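Once you scroll down, you'll see the structures, which are given as structure tokens.
One chain, subunit A, links the two complexes that follow: it is found with subunit B in the first and with subunit C in the second.
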Partner chain A sequence: MKFPKPRRILLYILLILFAFAFVLPFWTGFTTSLKTKRDVIYTTPVEPPPSLTLEPWIEAFNIMEKPLFNSLIFTLLATIFSCIIGSINGYVLSKIRFKGSDLVFLFFSIGIFIPYQTVLIPLVLTMSRLRLYNTIEGLILAHTAYGIPICTLLFRNSYKEIPDSLIMAAKTDGAGTWAIYRRILLPLSSAPFVVAGVFQFTSIWNDFLFGLVLARGSEALPASVALANLKGTTTAFWNVQMAGALWYALPVIIVYLILGKYLVKGYMAGAVKG
Partner chain B sequence: MTAVLILLPSVLLVGYFVYASIGWNVVVSLSNWEGLEPRYGIVGFPRYAELLNDPVFWISLKNNLLLILLFVPSSILLGLFLAILLDVKVRAEGVFRTVYLLPFALSFVITASLWAWMYDPEVGVLNILLENVGLGFLKSGWVTDSSIAMYCVILALTWQFSGYTMLVFLAGLRSIPESQVMAAEVDGAYGFSLYRRIMIPQLKSSVLAVFVILMVFALKGFDFIYILTGGGPGYSTFVLPLEMFRETFSMTHFAYGAAIATVLFVIVMLIVVPYLYMSSRRREE
Partner chain C sequence: MVRVVIKNLTKKFGEVVAVKNLNLEIEEKEFFILLGPSGCGKSTALLCVAGLLKPDEGEIWIDDKLVTAPEQDVYVSPQEREVAMVFQDYALYPHMTVFQNIAFPLEIRKKSKSEIEKRVKTTAELLGISQLQDRKPRQLSGGQRQRVALGRAIVREPKIFLMDEPLANLDAKLRVRMRVELKKLHQKLGTTTVYVTHDQVEAMSLGDRVAVLKDGILQQVDTPRELYDAPKNTFVAGFIGSPPMNMIEGNLAEKNEILVIDLGVTMFEPPSWMEKKMKEAKESKVILGFRPENTTLAKKCQKNAIEANVDMLELIGRELHVHLTVGECSFVAITTPTEDVKVGENVWMMLDEKKSHIFDGRTGERLI
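Take a look at the complex of A and B:
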């Protein structure tokens, strides 16, 4: 597109100013996490630490170690389960024609948008009746169940791109429903599995609400709730809080930098967390 | 037949955890359940009547409206602006995109912690920076000042969501056929006027999608405000999800919390169902 030169310079200045504004909270959080309590008070938040210390990172890790491990376990398992289920559902809804398939799809789609507040009380009651309240298993079940709608959507949209002629050809060769899935769909599924997997991993890892109502103050405490607790205490000063936030952010930042391209595809599918 | 059998477990899971649970929540909202033990009888609509006389409910609803009226348009406008800046074949576009979208990828617990540090009145980033650049008179209590706390929340949320709206709009701009853009350029449309006259009008469907998604977030968003302000100071940043959580889990007014959740559900569905209906109609055309 045509843009005269002076305007181009203005354009870059704007882009860079915005980049600073977007980075500022991360940068000051990072510098603060490397400062002693004294330096946090006596230096400005944006300047690098005069004397580098890793104390806050160690202190935060000691508090967050178990919760980070908990989060890793339930996030990975719920991601795997919801993706497998979503893949099978996506296959059925895109490649097998049956009456009411659009209705079933709508039935799942609405599940993406519901405000979770509406199901919190029944969810707590269900989990305590199943004796899964305050357990990792309970978190896995909840995140898997509520992940089915979005995973189904992601896989269905992706499988729609696979030509029906391939399915027809396999059918005439006498392949059954499962054989078609295994031999045709699954080998073509690495992209949607990465998209849905990255999307689910980040959403479940980032979740706070389910962790708060299902596992607060228990052995199964997720990292998000542990970090929120850290903020609530007066003993953890800003440097420890920021180090804790960065520990918790680390896995998602790594995934975002390496697989961001796929995460973006998940976002574009019209899904939003919260 | 096989199709139905394969889908059955998922339909049952979603049916139970989504649909039956919504119904169960409605039942709880019609009950007299207070206290930790789930023992209750159906009493009808008194909880909903109480809502109408609860000042915190009205404050919360007002703040949700404020989010819809300010946070949604500000995120859309900033995202659109960033998308236009990036659309003109910028060098290092990927770097800028990655930076702008990063806040959106992270948990609200992290972004709220970072903004708590930005807004801290004593040692936090904004006040110290203002003082150091000679703008000390602009120093403020930020989220501890009840008259502006809600606006601080809106500013921080705009920061977190603008990368997302940028992403959607950039994809929308890129899907406009090159030939159309070139034809407009031949006609003398140029720079930002090209965007205003030719390209932005074509973003209608992306704007609508983002609009619905942000409105739903403005209604159901909980984590960020819960951590940044906890609804305070006083009730100045309470929103419906916070009020629902406080009544239910802090005060064990389960029936009352369920009533708030039902109201929230109805409002969200009034936005989502017409949208899903419209977009499924459009796909058929």
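Take a look at the complex of A and C:
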């Protein structure tokens, strides 16, 4: 066996240190979530639990069941809607083009950089006028609308890589605008759908602000807000909070596990002409 | 059958005029070539015929139907023009198999499943790609992809084929083979074809007639034979033929009461039949042009011969290309490989006067 070079060893040590620093918070959360209330006080957070208990997991789930379900519904639907609309926008802006299409695209791009905080008051007013305040539908609408700019950008840039001759060929073959989208572009869009989908899923799932201001009651309460509420007002049950945080992190982890390898492919697609 | 008529076609991209006032009449069943260097507007003209680009001015007629006329607000979409197009990059749908690619135009037209299968099968057999039907485009070689692209065009039985440099991406050997196959295919189908290329050999071998374009302006439309033997101007003369026509500038002068061309290096005495025409020339500046194969080399001084220095020898199989220099000018003479010439020696180059041309020195138009 060839012995690795010293520089290589140094690199590995450094990487292990970074990995350790990265995993540490997750590890403490995990150990704490399996400890009893007593053990939380008597042990340091990094220590493994002296006696294992699943009590905090069950307790956290009982509190967060409904909010987790809420979040899952509006996150999935808003992700799907914003991706589909973004894909159609991307098609129009990259392949159909019309007078002023670059200007329209510029406006979409600006939309990406508008901070959530600046639109809060008009958003709440709009939602209450639409009678969508404090509803799942309201959250779906807000997240879909807010996701369209970034999705449009992702799809438009991805479609730019598809040669125009393909669209021209489809036109002379007799395909109309909609048939070209459905038969040619859509089947070639798996990479941008994965990238935009994962991006939208994580950012909508992790959103706290819209959830906080658009859903006050329990009906439409998102998991992110429910997790914050676990904190309590006087005492902190660290084990329940940590279990709640892990419940909350689970869907995103699952999404990454399933789509992670496609995600890398999607990011790389177009980097090198194939 | 189908004719294509282009009248006063102009297409601008911003300030750039890609095609200027183009007039063409493409006869039915004709294999018509648009030839020119890159950026001459030939592809633009083709895309206008396909309806993929809207021109700024002019009319395009397919058959007896006006399909494009911006002044009259007439524009028939490419979907409704019944033209099929083959692209330089083949433009095969990457997610579809060969069968699906060829079937696509039929499916869009909502043909029955059995008809689609029948027609795709016939087309695939015609092009010799039956065994590839389940493959995806990325699993095919360049030549195979080209055939699939042709198949997708043929299967619809369109009124016109439009081809935009379809052979440009193939390697030299395959290009020659596909060229022959295209010609045969055209003979078999007899569909009116408009074919864009920058390769004059392709144009000469495929075309019934060839239109030569330069900077968006039509230079000449003629049969390949005529283009070669009677180019209208110096551009066509220099573009058609490989190696191109030799050209040397000179001035009309009078010597002992006969009209001669002062080439600087020598006085060229044109035969009497040329003289008459030359007298019509308004300018004294002219260009003498002659093809490399219409020359003979001699070791001794001859009448009307140009003395030149042998610069380089290129042996190309059955011909020997002798590169010569005279002062600032350089020429190529084609002789047989047995010709006794050495690099560095001086020879006299005689021209076949009957096959020589004289062009106006200012406009480049051919006088003789």
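The criterion applied here is as follows: the second predicted complex is superposed on the first by the 250 of 274 C-alpha atoms of A that agree within 3 Å, B and C clash if a C-alpha of one lies under 4 Å from a C-alpha of the other, contacts with A are read in each partner's own complex, and residues count from 1 in each chain.
Keep in mind that, in the parts below, contacts are C-beta pairs under 8 Å (C-beta built on N, C-alpha and C of every residue); 3 or more make two chains touch, one makes a residue touch a chain.
What you see is a predicted model, and the numbers here were worked out from it, not measured in a lab.
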Fit or clash between subunit C and subunit B when superposed on subunit A: fit
Answer with first, second, both or neither: which of subunit B and subunit C does A:L72 touch in the superposed model? neither
Touching A:G174 in the superposition: subunit B (first), subunit C (second), both, neither? second
Now for A:G111: first (subunit B), second (subunit C), both, or neither, which partner does it touch? first
On the A-aligned overlay, A:S165 touches which partner chain: subunit B = first, subunit C = second, or both, or neither? second
Is A:K231 in contact with subunit B, with subunit C, with both, or with neither (first, second, both, neither)? first
Who contacts more of subunit A, subunit B or subunit C? B
Please work out whether A:I84 is in contact with subunit B alone, subunit C alone, both, or neither, and reply first, second, both or neither. neither
With both complexes superposed on chain A, which partner does A:L188 reach: first (subunit B), second (subunit C), both or neither? second
Closest approach of subunit C to subunit B (Cα atoms, Å): 13
Taking the two structures together, which residues of subunit A meet both subunit B and subunit C? none
Flag every residue of subunit C that touches subunit A in the complex, lowest number first. 47, 50-52, 77-79, 81, 83-85, 87-89, 91, 93-95, 104-105, 108-109, 152, 156, 162
With touch defined as at the start, can you tell me which subunit A residues reach subunit B in the complex? 1-4, 7, 11-12, 14-15, 18-19, 21-26, 28-29, 32, 40-41, 44-46, 85, 88-89, 92-93, 96, 98, 101-102, 104, 106-111, 113-123, 125-126, 142, 144-146, 148-149, 152, 177, 202, 205-209, 213, 224, 227-228, 231, 238, 241-242, 244-245, 248-249, 252-253, 256-257, 260, 263-264, 267-268, 270, 272, 274
Parts of subunit B lying in touch with subunit A, wherever the complex brings them together: 2-4, 6-7, 9-11, 13-18, 20-22, 24-25, 28, 38, 82, 85-90, 96, 98-111, 113-118, 120, 123-125, 128-129, 132, 159, 163-164, 167-168, 171, 181, 185, 190-191, 194, 209, 213, 216-217, 219-223, 226-227, 240-241, 244-245, 248-249, 254, 257-258, 260-262, 264-265, 268, 272-273, 276, 280
Using the touch definition from the top, list the residues of subunit A that touch subunit C in their complex. 163, 165-166, 168-176, 179, 183-184, 187-188
